[in-house]
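You will see subunit A twice below: alongside subunit B first, and alongside subunit C after that.
And then the complex of A and B:
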């Protein structure tokens, strides 16, 4: 795997731009950017488990449900504020993810897809039928995030909550993926057998990849709950899991910035379609198919290929 | 409620699940890919009948015939346009491609036909009848009979027809089959066509008893469960698995609650995969290094 130590200054510059941009952008754009950021956090989890570690996961919507419902219920039933509730829910999702990873002991690609799919479906059935707790099919209101007595509800205020969190998580994950752990994950995808011969506990690391993706899914789900202010079991089904897989495919599969690119495409597609809103799902699915068949590297891969063509010598370093 | 009643209702549902599962098993054996979009093709089959009747002034039965042909052509297109170009890609990519096919069909149906439910004609009278205390409708009997006919036709096809035997040979050993002069790429295409037509038949049988909406594609999960129960490589296993799931599900719905009925399939799927991944009838496949 390519090891890039991204210069610290670049990250700082990016953070400065992200923090300054809302001051000159419209409220609606800022809200959209916040949604892109929370979607990208969920997608980041998938980049780890599916992109890097090569384990198909259709459980990401279930994890984001754990985050969204978990944080909202902690707030309404126990009065736990969201800044504690979301990390707690993320920890729970992490444990659930670890368990799911352990259960996947003997499972190859297809069966893993089926089990994670079933997990999403079971969580969704639970959300729909445990009406006294979750509000069932009627849905659940998410109490607003309150900091120092002030309710943060505007897209502008939430942007300054979600985007710094996303920034920190992306920075953390990109460092993690360049570390020993990241290399073990990449090796899981390439050859489990080789890892075993090196005395590495494959099962533990597989479970760890799922745990990380679960925790990230829950953080993203919890934050998005604050943005949408309303939860409905329909928003956390198998289709939503597939959509998140599509986000990372379109963005660039193993690419960490790809998670942001894919999320941006997903959030902005409805806008490009104008009066043809009914077709947004089709456009999305066809885009996904085109990417798979024609550009397996996704947007990030297409960008990298372009950059390599412009600077022929840089390509050789890989 | 009476046991015979549960058996009858369970077998009706199970027969359709078995048809879906047969499609999965066929594609899996022929190409070693589980087609995660097959459930959506089930829904598509039923929608095709509705669409054809909307635009062509023809009766129900010819519309079904045309819909089956269209479904077969659609399966052919999926194989040629999507699955064949990515044949050499990792299994992960192929799985995601089949999911994408499903998503495209589902969203296409939602865009063209709307999210609402469409009425769908029964094959025979749905009026409840009673025989020795067991309630039934001719429509449900028709489903079972149609499913049995299809399974019988498949059996004859595989056991006694040259093309069927070529398909089996390709499933077992594509290299060997091609050395024997079997045109493997053509056979793979025909496997996709057959599975797509099976899915469409299942959709047409099922549409009257469930709601015909874009959500109907979720039937695919029942098909997976049945195929996993039967071992994913065995055609008779898929049939038996279908009946088992149909009966268990109906019993759970009657004796426990409808919420449990919904969850039964998923729990059974997880349980079987973890406890007995080779299914009830399949032999354990040891992963080779």
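And then the complex of A and C:
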């Protein structure tokens, strides 16, 4: 039990800082932080399925589309408020993710990755061509989140919606990864045969990892829809899926805080480039290569290594 | 009842017959050894029992139940655990984590209890860790608790595989060359452990090994394979005396036989 309390205090301190910071930061920074948080939720899903469980997924953009379009359509067509719409869309994405995971019954490795890519392509085509429902290539306005008669549209107000949700999800997932379920996910990428002979249904757990990543992708997508207020099928393609994989590689493949770090890099890069936006893709690619070669553990791994070096008597670092 | 029964099991890979019409039974609570020269089909038998290979012909019954339609994990759930000849560790995990995965099915706390850290999570994890620590002590891995499994010397990896298999609370334990590469003192420890598992934990053990110090000392019964076929079966004394076994396996040369 003693092992549990100290991290809990750290989480509490982090929450306090996150809640207090917008009071002293500029509206623009607060908006950016909110976008980092919603991106990080999508990336978190990918950390589970690809980083921890070892199943390469290029379906994350499709799941975030299910969340974004699902919640927006539930609000527009049926008047379901986003605080019910996003969880509903997440549940749907979870089921879709479980189904996608079942495809791993006959397909493994690169072939499974291809199936996930196909899923993203199919969802994007659907969004583009089912015009009567989704608005097609013209896009779809996202109705604002309304709580107690007030429309929450400012970056400041949405920050206080998105960040607490992200916080709760990160806390929950980090608990989950430290539990028996997280251990099985990690074991999946190491030896499926050994898992089977221990009586563990490998297919079910792979599908479960996809389901969790799908639900998280949808929550992230749904929240980001509220922030951008407008959805366009172009924002949910294979490129976006690949970018999310790059986000977790830069952040730290298997690292839960890494999902936040990678998302921050992704959101902040356009700003650092200033007038050189045209080179965004190149900078992103070079950054990715540099990280893979120099810091395979991503920013989170590099940070941990640095911390270990600063405290030489803290014992050998892993 | 028999813990395990093979009747007429044939396993073919294309044109190669790895196991040919093999029948034998393992009695409940016995240590039963399967021996034979390299390539005799011993590991194939273990892989077939655990469902990794499907028998081309014949049937495998675990505690009377035909396993033909069961997946490997379902066979494991029926109480069958195993070790691997070349070890299958979760190498990036610590020793205790490996064992905790073995104990996964024994715990009940689920996704929500774990994510929200409900009381059942703490109870479940504490119980899992207590059992895992017991197994570590029993197999002499207490000091390696937090070592990465891949950093363990080979002998200890074997012990860890045994501990991990035991964590799944099996009734039937299949061990694929558990003594290979072990030093003499380690073999004595292994023998004591296996006998203890049989006598105190009422475990049935099917042992595949080359190391005679293990096989002859602790087996209740031995089945001898050669080229995928059973050539003899009996107590250690009977098998040791069997002329065909001596020819095929124990390396009795015809010229020496003539001389004696």
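Definition applied: the second predicted complex is superposed on the first by the 306 of 318 C-alpha atoms of A that agree within 3 Å, B and C clash if a C-alpha of one lies under 4 Å from a C-alpha of the other, contacts with A are read in each partner's own complex, and residues count from 1 in each chain.
One rule holds in what follows: a residue touches a chain if its C-beta (ideal position, glycine included) is under 8 Å from a C-beta of that chain, and two chains touch if they have at least 3 such contacts.
No experiment lies behind these values; they were computed from the predicted model shown.
Of subunit B and subunit C, which one touches more of subunit A's residues?
Of the two chains, more subunit A residues are contacted by B.
Using the touch definition from the top, say if A:80 reaches subunit B (first), subunit C (second), both or neither.
Neither partner.
First (subunit B), second (subunit C), both or neither: which does A:193 touch?
A:193 sits against subunit B and subunit C alike.
Quick check on the superposed pair: does A:109 touch subunit B, subunit C, both, or neither? Answer first, second, both or neither.
A:109 contacts subunit B only, not subunit C.
Between subunit B (first) and subunit C (second), which does A:19 come into contact with in this model arrangement: first, second, both, or neither?
In the superposition, A:19 touches no partner, neither subunit B nor subunit C.
According to the stated criteria, A:273 is in contact with first (subunit B), second (subunit C), both, or neither; which is it?
neither
Have a look at where A:95 lands relative to subunit B and subunit C in the superposition and call it first, second, both or neither.
neither
Looking at A:292, would you say it contacts subunit B, subunit C, both, or neither? Reply first, second, both or neither.
First partner only, subunit B.
Who does A:118 touch here: subunit B (first), subunit C (second), both, or neither?
Touch status of A:118: first partner only.
Output the subunit A positions appearing in both contact lists, the one against subunit B and the one against subunit C.
Comparing the two interfaces on subunit A, one with subunit B and one with subunit C, the shared residues are 193.
Could you pull out which subunit C residues touch subunit A in their complex?
50-52, 71-74, 76-77, 81-82, 84, 88-93, 97, 100-102, 104-105, 107, 109-111, 114-117, 121-122, 124-125, 128, 148, 164-165, 168
Tell me, which parts of subunit A touch subunit B in their complex?
Going through subunit A, the ones touching subunit B are 50, 54, 56, 58, 103, 106-111, 113-115, 117-119, 121-122, 125-126, 128-129, 193, 238-239, 242-243, 245-246, 249, 278-279, 281-282, 284-286, 288-289, 292-293, 296.
Quick check on the complex: what are the subunit A residues that touch subunit C?
Where subunit A meets subunit C, its residues are 1, 4, 172-173, 175-176, 179-184, 186-187, 190-191, 193-202, 318.
In the complex, go through subunit B and note every residue touching subunit A.
33-34, 36, 81-82, 85-86, 89-93, 95-97, 99-104, 106-108, 110-111, 218, 221, 224, 228, 259, 262-263, 266-267, 269-270, 273-274, 277, 287, 289
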